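Supplied in structure tokens, the structure appears directly below.
Chain lettering (A, B, C, D, E and F) follows the sequence in which the chains are written, and residue indices restart at 1 in each chain.
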Amino acid sequence: MRSNGRSSNELRPMNLTVNVNKYAEGSVFIEMGDTKVLCTATVDEKVPPFLKGQGKGWVTAEYSMLPRATQSRNQRESARGKLSGRTMEIQRLIGRALRSVVDLRALGERTITLDCDVIQADGGTRTTSITGSFVALAIAVNKIAQQHKLPVFPITDYLASVSVGVVNDEPMLDLNYEEDSSAKVDMNLVMTGGGAFVELQGTGEESPFTREELNQLLELGEKGILQLIEKQKELLGPIALKIASGQPGRGA
Amino acid sequence: MRSNGRSSNELRPMNLTVNVNKYAEGSVFIEMGDTKVLCTATVDEKVPPFLKGQGKGWVTAEYSMLPRATQSRNQRESARGKLSGRTMEIQRLIGRALRSVVDLRALGERTITLDCDVIQADGGTRTTSITGSFVALAIAVNKIAQQHKLPVFPITDYLASVSVGVVNDEPMLDLNYEEDSSAKVDMNLVMTGGGAFVELQGTGEESPFTREELNQLLELGEKGILQLIEKQKELLGPIALKIASGQPGRGA
Amino acid sequence: MRSNGRSSNELRPMNLTVNVNKYAEGSVFIEMGDTKVLCTATVDEKVPPFLKGQGKGWVTAEYSMLPRATQSRNQRESARGKLSGRTMEIQRLIGRALRSVVDLRALGERTITLDCDVIQADGGTRTTSITGSFVALAIAVNKIAQQHKLPVFPITDYLASVSVGVVNDEPMLDLNYEEDSSAKVDMNLVMTGGGAFVELQGTGEESPFTREELNQLLELGEKGILQLIEKQKELLGPIALKIASGQPGRGA
Amino acid sequence: MRSNGRSSNELRPMNLTVNVNKYAEGSVFIEMGDTKVLCTATVDEKVPPFLKGQGKGWVTAEYSMLPRATQSRNQRESARGKLSGRTMEIQRLIGRALRSVVDLRALGERTITLDCDVIQADGGTRTTSITGSFVALAIAVNKIAQQHKLPVFPITDYLASVSVGVVNDEPMLDLNYEEDSSAKVDMNLVMTGGGAFVELQGTGEESPFTREELNQLLELGEKGILQLIEKQKELLGPIALKIASGQPGRGA
Amino acid sequence: MRSNGRSSNELRPMNLTVNVNKYAEGSVFIEMGDTKVLCTATVDEKVPPFLKGQGKGWVTAEYSMLPRATQSRNQRESARGKLSGRTMEIQRLIGRALRSVVDLRALGERTITLDCDVIQADGGTRTTSITGSFVALAIAVNKIAQQHKLPVFPITDYLASVSVGVVNDEPMLDLNYEEDSSAKVDMNLVMTGGGAFVELQGTGEESPFTREELNQLLELGEKGILQLIEKQKELLGPIALKIASGQPGRGA
Amino acid sequence: MRSNGRSSNELRPMNLTVNVNKYAEGSVFIEMGDTKVLCTATVDEKVPPFLKGQGKGWVTAEYSMLPRATQSRNQRESARGKLSGRTMEIQRLIGRALRSVVDLRALGERTITLDCDVIQADGGTRTTSITGSFVALAIAVNKIAQQHKLPVFPITDYLASVSVGVVNDEPMLDLNYEEDSSAKVDMNLVMTGGGAFVELQGTGEESPFTREELNQLLELGEKGILQLIEKQKELLGPIALKIASGQPGRGA
């Protein structure tokens, strides 16, 4: 039995609050159970040097945990003077995942930076960051669309992410910290609204996994992600229509 | 006329929410107008090397701003690989201020670290951090007191902080960002419940100030701080009695 | 048609040369086509702080590219003063993968560090590093086994790795740099001799992929890895028997 | 009784030697008792990026202590790879203080950097640095004035600094290291020739201080600073006239 | 008696393999006994900022040791976040030495970077790096000459380097690691094909040396270097003629 | 003709002032013409980790230039966050040179750190640092000898250093900055009172040099160094006797 009486294929309660920051072009506070992440989207009207003059935009992400987001305090990376490998791996993942559903050419020569700051961590901070920052991104892109009359809405599909894993020999959806710590297999999935994979990262450091276990995990994850995307759609309302149609119309 | 119709000797609305973090020994979310800071207190049962074996504890602070706490995004200090002078100056100030009302010997050989993370900045982030982290500190110290039956309650007085400044030739209390940017004189005060000064930092980079202006600013600041301390007392309830009496009794 | 007339399910020629370094406890020079990696294993009779006194050993890896391993010279990370996110991600992957086939308790309180230095890069440097460093690890572990009469041979299974991807809409095995650059989907697989997955990292930044494509790629990869493991077995000879039997006998 | 028989309102002997460096546009070796600081002013005919094209100049400062300026050797910040918080706080203070008496627009698009290198430290190194570097600044600005026929002399007033504190319950002027170490209250004052405050930094970490104590300290400090400014005037001679009149005439 | 029966004035066996890297404009794998260094030359069609617009080129070098090039593993400088003093000293030496035989004006506005990566170290890694990278440089320069029809061949003379030292009171040529460790005097010589000195670095940390000892060491070194240059000439073949004549003709 | 009418074999005027720092165990302010270096010796009653428990001491050096020691201001290495290669090379040289005349076993398990801070630079800062810091070292060692009744005086010989070079085709002694900048050959010599070489570093980056030129330079340098050592002897007085006799007697 999981904590809070969750069944093995059940997500934790998800809560999304939008526009929580008065300065950012898009912002979302996302809670998946006790994991809480603040996602802000910043639009910058220029691109990094490697993209200059190509008529394309860029989407990138940064990830960080507050020192007491975790059970015992973790030292600030600013104080240590460098980012950990874990942080770099996660922020590269978030950026890559978001770019997969953005038409960078349609975005034009501008950069959107997603900042994912983990206020409290209870497992799944990277997947929660992706799910939340997709919404912050959509809000920010909509703001650009309204100002710039883009010919096409640059977000091509929905995007959400969840973790799955084998805990006590049972495949489970959306692991919290305690479950994650004892999982034999741990996998993060990122999928589009169309049901295709964008990222799939499975690791069996403690115990290799079979093709059959992989299939069970993929099925659990797919169902979970579709539920997350349903919630995103509800929340985004009129913006959701733009994602579906590609028309950067008036609304929202 | 100030924004929101504030008069020159009026504080912004202050809101304190306690126990916002499930892991930290003390936590407070403080809002002073649009300035929002999350303060967590972490208790560590050891002291830094320079205090080892002296029978004394330590209180220290770290301060950081989320990248989009400000109007335009500021680069993470973890990405830049070092803390700015401003950050170091502020976190040294917060730690020094808090230590002035802690009996480090009564605290025993333990360290309390206050993390002040600015979620949104609209002027006065350092003073707001001090006011908020005093409350987080009190909650954490009370937890220690309850577990360790300390002979004395180690917090000796209340502590709060506010900014004052001369804006458009008028002395003003609790400047927001816009006022702060155009202030000729800018001063941060930290005071105890007993009405004494702990820190006083005034700067007239744009225009030196006279003894008379100083006195006006000090009066404004004193009144503001007493109001802040009243709110702290209400919020802390039974812990407030311990600070007053020095008795680390049952309550809270 | 692939370069060198390779078919889509064909590995590049692999060459393994052992004991190429006169100091290291294990060393292998591995060539997969034009990708060339020097892997050395260093045995250290102590463990990192977080493992002290637990009766367990540790296996870790470091990865680096020589500046001119690539078409255009890349700046040294030592000169830049920090490791890139890519390097950290790769060396974390190599270490994690190798640990999955080592019984750390049977290894005893010692650390084995695998250094993977890419002499020339033509795609697949991380997978080649895993395949090569497994062999260097096995040689080093065998040396320990011979000196220390361990009750069990600490390597529990074979381990190899390969990349697969979708290039020009066709699933392909073991991508070289040119293919990798134009791949819509890119996946790295790490598997054991027993045919189970240890790591599976797929990314469809350019284009999300379906469950069916995933299955095709997994099949290609599985077959490739089994061929690599066959070559490892041949090369390791008597050590291979120990891996199979768990008996840290005389031989080799 | 203070060492050397000083009374509580007496400055240490101050000695200023000008033009001690053959390359710098302005240079001063200042001794306040056993505290010795070398101040050099460097003129650079450009401004930092944030001021480009605004027709204004910039004045900034750097501060450092030689390793054996202190009783026990302190590690070089260059060897540690970063500036301490204390150093950054001090050099920000020096720069801010000097800018308060410079008309940056009259200075034109050039930067003056004051380097304050503490050769020997016996308390009050930051205040001594300010007093000394004002003189180095004046000499350098005079050199510019002579070369560029500026319409106005860009230094608008004198500037000096001193520390005051409460030692053994007595307010004292110009603390040496030993006094500073045992002071309950410690305050640094920066004032102009016109008697106005530029910076005022008081801290009562060991014991909060009352309004009355503050007033006593301010009076002590004011008198001390006026004496320092008298000495600066004597030393600067003809340049002093320019500061008084604003006329960047021939002389000096 | 030296290891391998070498006499005191005998070089270790030297082996040079050219074009070992498929990307670099020049590459050499050099072995002096068990010391093995990979040298690559990279041509970049621009110069560093300090040379811009002067019509001159630049030659520079970087040096690094693989972690297990040595008996016990040395930590990567990229992981430590900075270059050691030893590394910087060596790479400055290599660059300086190579520039002494290049006519930078004839080279034109381009930079050649020599990367010397020590694959295995057994004494003399810096001298071996110089001898090897001269050959890589010559190959790369010849490539430029062929493409750009330079009026003059920019390499003006041969260059090689060797170590000498006093071991067990006997002057010896080309020390291996064991000899170097017990040498009282240690000297590195860099000379041109014309028999002149380019660099001469002798150190008698363990025991100062006399003028007579110096002369003996210089004689040993000169003879050794001439032998190395003979081998370079053989290897370079047609390029050697260009160095001799200054004519950047067809050949090679 | 050289500036100041110096002949080619003439030293610049040297001035040594001892005990210029009230805290350091030994201190010297050395002036060679316009080159001015402050040398302090710090005694620490422990050794670095690599020497622990071997009954031997250590002598090491650090070197730095004040930002405005030079014609144009050079950026602080503390601000840049790392030491330059030049600085590291120089401080390694100074330490190595000094150790050559110290009996580390006789010194006992203590470390002496020489800090050489260049107050003003006009060529020859490294050689001047060596000459000056030898005297600071001798004073500090004498202090130890007086306190600890060492059986032997641990300094075994005198030590001084000078530069020589070929300027306008003429060999010259003790180059100032202007001469050094136009020298074809540049050489630094470190020698003992007994006339033996400790370090010899010659470089002909601009133009290789012959054996004959080398001999001329060595002769010039030897004579210069003997003069410097004469001055050291005069200055050290009674300590000089101890260096000569090895008897750590009462005197000084």
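The criterion applied here is as follows: contacts are C-beta pairs under 8 Å (C-beta built on N, C-alpha and C of every residue); 3 or more make two chains touch, one makes a residue touch a chain.
Protein identities per chain, from UniProt: A, B, C, D, E, F = Ribonuclease PH.
All values derive from a computational prediction rather than experimental measurement.
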Those chains which touch chain D and also touch chain A: B
Interface copy of B-D among A-B, A-C or C-E, judged by whether over half of the contact pairs recur: A-C
Of all other chains, the one whose Cα centre sits farthest from chain D: C
Centroid comparison with chain A (C-alpha atoms), farthest chain: F
CA centroid of chain B to CA centroid of chain E, Å: 61
Chain E and chain F: spacing of chain centres that average the CA atoms, whole Å: 30
Sequence positions of chain A contacting 2 or more other chains: 81-83
Ring walk, chain B to chain D and onward: B, D, F, E, C, A
Touching residues (chain side chain C, partner chain E) in the complex: 21-24, 27, 34, 38, 40, 42, 44, 62, 64, 66-73, 76-83, 87, 113, 115, 117, 119-120
Touching residues (chain side chain B, partner chain D) in the complex: 82-86, 88-89, 91-92, 96, 99-100, 157, 187, 191-192, 194-211, 214, 218
